[in-house]
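So the structure is just underneath, and the comments pick up after that.
In order of appearance the chains are A, B and C, and numbering begins at 1 in each one.
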């Protein structure tokens, strides 16, 4: 349900001091790479922000994105932010269940038609697939999405599944899973990929949308450039080792223990765009590379089918070795046949050859 | 009587394609280094004489008929066809500006034996009627008279008598069972009669059982020069026939370049069987005699001498050290040209070029490379072991007003033989 | 480009597979076509062997004789530089070694990235120099065909795009890495139909050369 209180009023009610609030806004500004002068602007905007209605649809997902979101640090302020969004529908976080939950969703959609923010996590079976692959209250994901999109102001696709299809869409994609953008063509969509996304990235995007009321600058994959504009490789603290050519060759070997680059163990950092290397996880505790595991490239499309988590980025996909062999054998056979035919022509030519005589030569004089 | 046609020429080229040819054409990267080894190219500065370019007709046949990709390209009309016009244009490239010296073959970085392929391409030129007049004339005379210059036994006989007279030794003729059948070149009979006298003396001195043959005395092979295996085979058969008739163990090729290549390397393949005898160049025989102590010499030439290695002998047959061993016997002031032996430079006259009057200007141009080599070393005389090379050196040095006499190695050896007793009267 | 990752995954997946297939098929056709022609029996008495001199020439022909070096210094020196540079970049760069491990199942030690980077830069400059030389030198100009320039281009592009990718000079990275792999695919596809076959056939040619000369008693 929409509330009439502003965000500023809500925060004060909950005992968040003006100072604490401003600190948060300053942090948000710097996190979005905005100048410090934007801090007060953010504060002013958030003060006045009305709690918008947010409908969160979960389709073919593992709930990891929600788990990540609820692990977001600074519980005080983010939770409050969450409190001050009217989260009108969310499978994991809502109290209601069954028909009541669906009724709440329908009511929120009706009351806030044209204004609510639609958040989607998980991929959905495509429109031509058997709708029974994934349903909620007997409604197919596709139908539910179409209906929800109709009244949404904007859509945020959280997690790689919603943004790109993710794990369900990985080969052989038995449910014909597609991403939100595959379906939604006429409303603004922000992709917040990651498997799961960095918690602060989720809340940061939401905050950015709340503050500015419009889409942030997006890249070719509709990802906010503020969080997805830099590659892991360019922000990785192990980059000097890559640059020097010092690599771990196997897990826990000498190089690994020295914290050398994990390229040879399959790190997809060079081609992955996300905020993990700077914002890190668990209140900035660590992130995969720092704990010794190569980046999976989980914020990129098709990362499950990109060759293997422990196979280096430069390795080929498929089985090129057997391609070479098969093609080579075919070539040898084809060449053999072609050469045999050519040789036959030559031997026939040689056999039918008339010897040259001086008389013939002298004819040309 | 049938005619020489383009189709017969293409047929001849087809018959020449083998695995080496295919490997060579597959490997050429157009680096142009072969041009830096060709005196016709370096001394005229004209890139059209680049060796690999001379082979274009052969390459086109190989590509369009012996490679799958080439056949596809050809069927789509994407490759050049070999025509009479093209072959006419290539006549100068394959004959006038190429002595088949093989220097390109040893510098090519990818290992192409271009000379091998030039020889093959000439087969196509001959069969299509695109060979030079001069070589056609030589071939005709060789087939009809036995000598490319029309020389007959009776002329040689005069020389034989002269040699016998002045040496007091016998020049054996038609001696069955001799160890060595000696062949001569018409050029040397006419220009350098001292050769026959020299070997007469040397073989007597060393006790070598040798003979000439009235059936066949000519070593040179106009068929090789023009590039016709039919004509070349017929000429080789005469040598084989004469050698077999006299039942000799070995045949000696004289101071000539291509004659050695013709009999030693091409001959058995032209006639399709191995010889019942062995073949040597006179220099190989002489060095053998030296090594086995059968040559007693005295005195040495004292003037500054240098040497021109005939291409067919040195680079194309590996006879390099032998002539130097012989020089050490009779010369005390011998200095090699800077690039000698395998890397020596062609005099410009071999491979039929000197029989091709039209090629005279190119031949003289190519000689400038040799001239530069000689100028670098400043010898007082030049020594060589091929009558064609010798003639070219003499003519070239004269053309450029260089007073450097040229002498044959065999006659130089003969001049230093220790007399074995008073000459028989 | 709207889907750089998709592009990258295609070029290093199906793209590379097709390119390798065409490369292997084309090369084997050519090699079989060469060997099946064979040689006629040689009846002339040999003066030396074929096998030893053949293999020796494979090695010695890489080194120019002093005279050729003096007459073609650019060809010899720059030729050495860019060939060796190309091989170092291709074979001793660790990400490439991982590529070979993925294709052939074998790997070997590599050189530090900065070393390969410097070598690549030198190789690129050397290759540009060879293009200029080919356009200007009278002999090369005369004997060059459009194929020579095509081959130069498909050889140059992997080096250029690789350099750009390594230095992340084009964004996003999957795009430039994809272009690099695409340029390699192009190289592989063009390979068997051009003089690039010399990469393999030059060894065959050198062997025949050494064999032919060696049989006649000429040292390699």
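Keep this in mind: contacts are C-beta pairs under 8 Å (C-beta built on N, C-alpha and C of every residue); 3 or more make two chains touch, one makes a residue touch a chain.
Here the structure is a predicted model, which is why all the values come from computation and not from measurement.
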{"item": "Most distant chain from chain A, judged by the mean position of its C-alpha atoms", "value": "B"}
{"item": "More contacts between chains, A-B or B-C", "value": "B-C"}
{"item": "Between chain A and chain C, centroid-to-centroid distance (C-alpha), Å", "value": "39"}
{"item": "Cα-centroid distance, chain B relative to chain C, in whole angstrom", "value": "38"}
{"item": "Rounded Å distance, chain A centre to chain B centre (Cα mean)", "value": "77"}
{"item": "Residue numbers of chain B (touch at least two other chains)", "value": "17, 66-68"}
{"item": "Residue list for chain A, restricted to those that touch at least two other chains", "value": "334-335, 338-339, 342, 346"}
{"item": "Set of chain C residues in contact with two or more other chains", "value": "26, 29-30, 33, 36-37"}
{"item": "Interfacial residue positions of chain A with respect to chain C in the complex", "value": "219-221, 231, 233-234, 242-247, 263-264, 270-271, 273, 300-302, 305-307, 311-318, 320-321, 323-332, 334-336, 338-340, 342-343, 346"}
{"item": "Sites on chain A touched by chain B in the complex", "value": "334-335, 338-339, 342, 345-346, 349-350, 352-365"}
{"item": "Footprint of chain A on chain B - complex, ascending", "value": "1-4, 8, 11-12, 14-15, 17, 65-68, 71, 126-127, 129-131, 133, 136, 139-140, 143-144, 226, 228, 230-231"}
{"item": "Complex contacts: residues of chain C adjacent to chain B", "value": "26, 29-30, 33-45, 47-48, 57-58, 61-62, 64-65, 67-68, 71-72, 75-76, 79, 134, 137-145, 148, 192-193, 195, 197-198, 201-210, 212-213, 216-219"}
{"item": "Chain A contact footprint on chain C (complex, rising order)", "value": "1-6, 8-9, 12-14, 16-17, 20-33, 36-37, 94-96, 98-99, 101-105, 110-116, 168, 172-174, 177"}
